[in-house]
Amino acid sequence: MNAPTAVFIVLAAVAVVSSLNVILRRNPVHSAIFLALTILCLAGEFVLLNAEFIAATEVIVYAGAIIVLFLFTMMLLDIRGGMRTRQFQNQFGLAAPIAVLLVALLGAAVGAINISGLPAAALSTLQAAQLGSVQNLGQELYSNFLLPFELASLVLTVGLIGAIGLAGHGAEDREEQVRIEEALEFDTKVRAKEGGHLEPEEELVPAGGHHA
Amino acid sequence: MAVLPEVVVTVLAMLLLLLDAVLPEHRKSGLTWLALLGFVVAGAFNLYQWGSPAQSAYGGMVGADNFTVFFNTLFLATAILVVLMAPAYLRERALPFGEFYSLLSFAVLGMMFTAASTDLISLFVSIELMVIAVYILAGLARREKRSNEASLKYFLLGAFASAILVYGMSWLYGITGQTNLAKIAGVLKATSLDNPLLLMTIALLAVGVGFKVALVPFHAWTPDAYEGAPTPATAFMSVGPKAAAFAALLRIFISAMGPAQPDYSLLFAILAVLTMTLANVVAIQQNNIKRMLAYSSIAHSGYILVGLAAAQPGAGSDQVAGIPALMFYLFVYTFMTLGAFAIVAYVQAGQVTGESFDDYRALGRRAPMTAIAMTLFMLSLTGVPPLAGFFGKAYLILAAVHSGMAWLAVAMAVNSAISAYYYLRVVVVMYMSDTTERVPLYRSPFIHSMLAVASLATFFVGVFADPFLRFAQGATLGF
Amino acid sequence: MLLSLIVFLPLVGVALLLPMRPENKSLLRVTTLVVMLADCLLSIYLLLAFNQSASGYQFEENIPWLGSLGLRYHLGVDGLSVLLLFLTTLLSWIAILSTWRAVQLRVKEYMIAFLLLELGMLGVFVALDLFLFYVFWEIVLVPMYVIIGVWGGPRKIYATIKFFLFTFIGSLLMLVAILALYFEHAGLANGVRTLDVTQLGNVHYPLAFQIPVFLAFFAAFAVKVPLWPLHTWLPDAHVEAPTAGSVILAGILLKLGGYGFLRFSVPLLPEATHYFGPLMLTLATIAVVYGALVSLVQKDWKKLVAYSSVSHMGFVILGIFVLNPQGLEGAILEMFNHGLLTGALFLCVGIVYERVHDRELAHLGGIARYMPVYAAFFMVFMLGSVGLPGLAGFVGEFLVLLGTFGVSSLAGWISMTAIILAAGYLLWMYARVMFVKLNTEHYAAELVDLRAHEVAYLLPLLALVIWVGVYPDTWLNFLHPAVSHIIAQASAAGGLAAR
């Protein structure tokens, strides 16, 4: 076993353990910190794959920006309520065997991989060492991957519209919401009183007599 | 210019966004006309490309062939019909016009690129563009808790499904070393891959796309999302993104993985039966018409999937292969489902809810033409000739029988009979029960013209099905 | 063009009705009546122009329809269809006249439903492409559903859903079978994809294929006939349907099943027909006797007539599956007669029901005293249904029994008892309703004798019942070439000697 493989295994193991912790921890702050750890490990893996640029963005964007944002949000909110909720729903009994099955299938598939038998990657025209360099990445993005790149910018635009559009406008919205809730409640009650659903027997009631 | 229709829609989306910001409130209904104009122009450019030789653009990321023309027609028709049905509803509920139309355009753009994609990367980005726009559309009625719930549920499960989809794509890349769909097919044909690898890839991709088209058991988000979303958005969700997801399914499983068809045919056949049966049985118990239509839409995903299970890649122009059947059904499904949802929007426009079966009491007398149109849509969804839905189903059954899966055809027939029960219930309520309630019905030339178009299409695509069959058949020549 | 004209003339009627104001009820009624009478005249012209000695189909129209799938718009008639076509156009306008006054609610929709129903039924009898046939077959379903569901009795919702589900499941299975036939034919005939009846019959299908297809056809046709044990929707539907609905249901819809067996099951699937022959004969015999026995114990007048239909239609199936000329001709004539007679009986029930709004046999009695003309009409139809020689019912049943004894004397003897039972329940019913004196004075005011329009629609039926009974050859002559063709296909294609 050479050094890169050893590093790979260590990083992968840490990534798996810490990502498990992300979902198993009750305290969301702990979860966020484990998420940061997971992402750092992944960044390490990218370095091993000669993808330094992605490794750097991983650290800067995810660990740096997003997780810090998470932590800020958590500080503003009351997280003690969240800590009391149950982490496992009733479907757990159903989900667990399916998950085990999935892992078994994945294991079988991974076990079946014959690395040398796989076709070579399409991008291998580039030297492995240059693959992740910023220069190559930029060239690829503005030539072969121009369309997905532009589409991604549209995705961001849409995300922005959503963020602005879905954010509430304060008191006015809450009043409207209360009005709708009341109307819905009233509707349900009236219907319940009237007998609600349409049953075949109801048709025996002569025309017009139904709401009398 | 291969992507001219897409460019038009992009410009339209941006323009709508800009104008929404600068136009004064009372002139925003003009956006409806702009949206209509934009989609019609894009549609004209699109139809102009029919029959021209297949092109490839952006380094093999997208293609322009009859297949894309077919799906673009479908998407743009959907967009036009949704734009027509929306104004009454949006105005009554004080929902933002500009956001609705521009998000609609972005979603349509995503759908168009989804159908045009010939590369896994552009395919995935296009799908994301589409679904993110639709998540927001679902939550547009931000003051309603149900709409918030719809959006959130759709978003969480959709994001999860996208993750699985992209994981599946990475497997596909891993085992073939290619992201271009045609090249993937070439590699798959040339090499005999170990079964577990291929199976795993198929399973992940099927789960990922299965979420988007709402196949059982990946359908759990559908009823809640459909119920909570504003009705025009629901109508759009039940047709547009579903059709686009089927286009993606065809691109992935036929363009790229066609050589592996024997491995997944049975899987999809079983999923199809599971989907239609469960959805139909649950639909019977619904009392909310939007939920009923949601389950009906799941059931129809099951019917449509029969086309993929019965697909014979390489059959090309063979008139009875499953792929043209699938596409023809999507075409038919568009009009009848949008029509049904338009009537739901119409009936509930003036009320807070208006979604229960009771709200349809005696609609036959309160609004005779609307009730006739609704009857038409319900009968077409059931599959009664000579309406379009019947020919769609018959063509799918034809394909199933042709590919030697008569049991699938029988399952579909039995399910159609089950579905008759709940579709006819709407007809029963409209014509055979009485009410003293006099909820005023909304008048809008837009929605009336939309209903006219949808019902005429439901009728004429049925009686004169041949040109439309040929349209679908001509679109699959690439496979 | 004549056939298309006959089939789609009702659509012209619909187009005329659509712009009319719903309040103008008499205009709506008259327009519908005129259109249907015109259609009836056209079909009489067709009867006269029809060449009785020629074999094969006449007045054919054959143009591509779903060209990309090889499906065609192919119409044509032989003796079998021409008779049923006439029956349909006749009973349609009679049905409209019969509810001239009874239906006051949503007259426009009612008339449109009947016109569409007529269109569907006419189409079924002339379509020579199986897919086209299926389309017309299903078109029939919806207007009938609406007619029972909107203008029906108190339990109409239950009855309509049952009616719809029974027939819809049956027909969907038939659709699968039709499509299977499409590919099997393509496989056997060098890839020629067609559902043209005239071409489908030229190929010999393996028995293992014929059996499931026959069963699927059976699911559709036997439900319509209705053959025991698939008959349970019929009494419910009849009891809830308005009179006109019952007339069409008994008079024509039930014939669709028999027609389907004759046109498709027997000629296209000869070996399966022979294979299932004994089973079909058994079921038919059971239906004949069961229908008669159940009729005996009915308390509801309409239900009694409905169950007698089960018995009479059993004779039709019996006649079809004995597969000899007497049986087949008897079966077809019995279909025609049953349309006339049971249609007339339902009309008679409807006439009294319209006056007193009661159908309980126990509540009725002594009607002959107040309605003598009615009693005379009713007696002829009743006796015709019993099978009195000289009236229509006798000829058909006699021929069927003649054919049956040639194949199985056991089935013949058992079926014979049904005729005796029929005499029992029909005569008992007649005596009960017409003569027995009850405390019916409170009815007296309502029991007005036949009105002019009622005589107008009973009279043609009466004339035909006597005509068929006295001189059946007029009608049997239509059938000879068609029947010998069916028998030839049923025996030759299977490589079996004619029985």
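Going by the order they are written in, the chains are A, B and C; count residues from 1 in each one.
Assume a contact is a pair of C-beta atoms (placed from the backbone, for glycine too) under 8 Å apart; a residue touches a chain by one contact, two chains touch by 3 or more.
Here the structure is a predicted model, which means the values were calculated and not measured.
Of all chains shown, B has the CA centroid lying nearest to the centroid of every protein CA atom. Relative to the C-alpha centre of chain A, the farthest chain centre belongs to C. The distance from the centre of chain A to the centre of chain B, each centre being the mean of the chain's C-alpha atoms, comes to 24 Å. Between chain A and chain C, the centres computed from C-alpha atoms are 63 Å apart. Here the spacing of chain B and chain C, counted between their Cα centres, is 42 Å.
Chain A has residues 203 in contact with two or more other chains. Among all residues of chain B, those that touch two or more other chains are 432. Among all residues of chain C, those that touch two or more other chains are 156-157.
Considering their complex, residues 105-106, 108-109, 111-114, 117-122, 143-148, 151-152, 154-155, 157-159, 161-162, 165-166, 168, 173, 176-177, 180-181, 183-184, 187, 191, 196-198, 202-203, 207-208, 210-212 of chain A touch chain B. Looking at the complex, you find that chain B touches chain A at residues 10, 17, 57-59, 61-62, 96, 99, 102-103, 106, 109-110, 113, 121-122, 125-126, 128-129, 132-133, 135-136, 139-140, 142-145, 151, 173-180, 183, 187, 191, 194-197, 199-200, 203, 287, 352-353, 356-358, 361, 425, 429, 432-437.
Chain contact summary for the complex, chain C toward chain B: residues 64-69, 109, 131, 134-135, 138-139, 141-142, 145-146, 149-150, 156-157, 160-161, 164-165, 168-169, 172-173, 175-176, 179-180, 182-183, 193. Chain contact summary for the complex, chain B toward chain C: residues 319-320, 364, 379, 383-386, 390, 394, 397-398, 401-402, 406, 409-410, 413-414, 416-417, 420-421, 424, 427-428, 431-432, 465-466, 469-470, 473.
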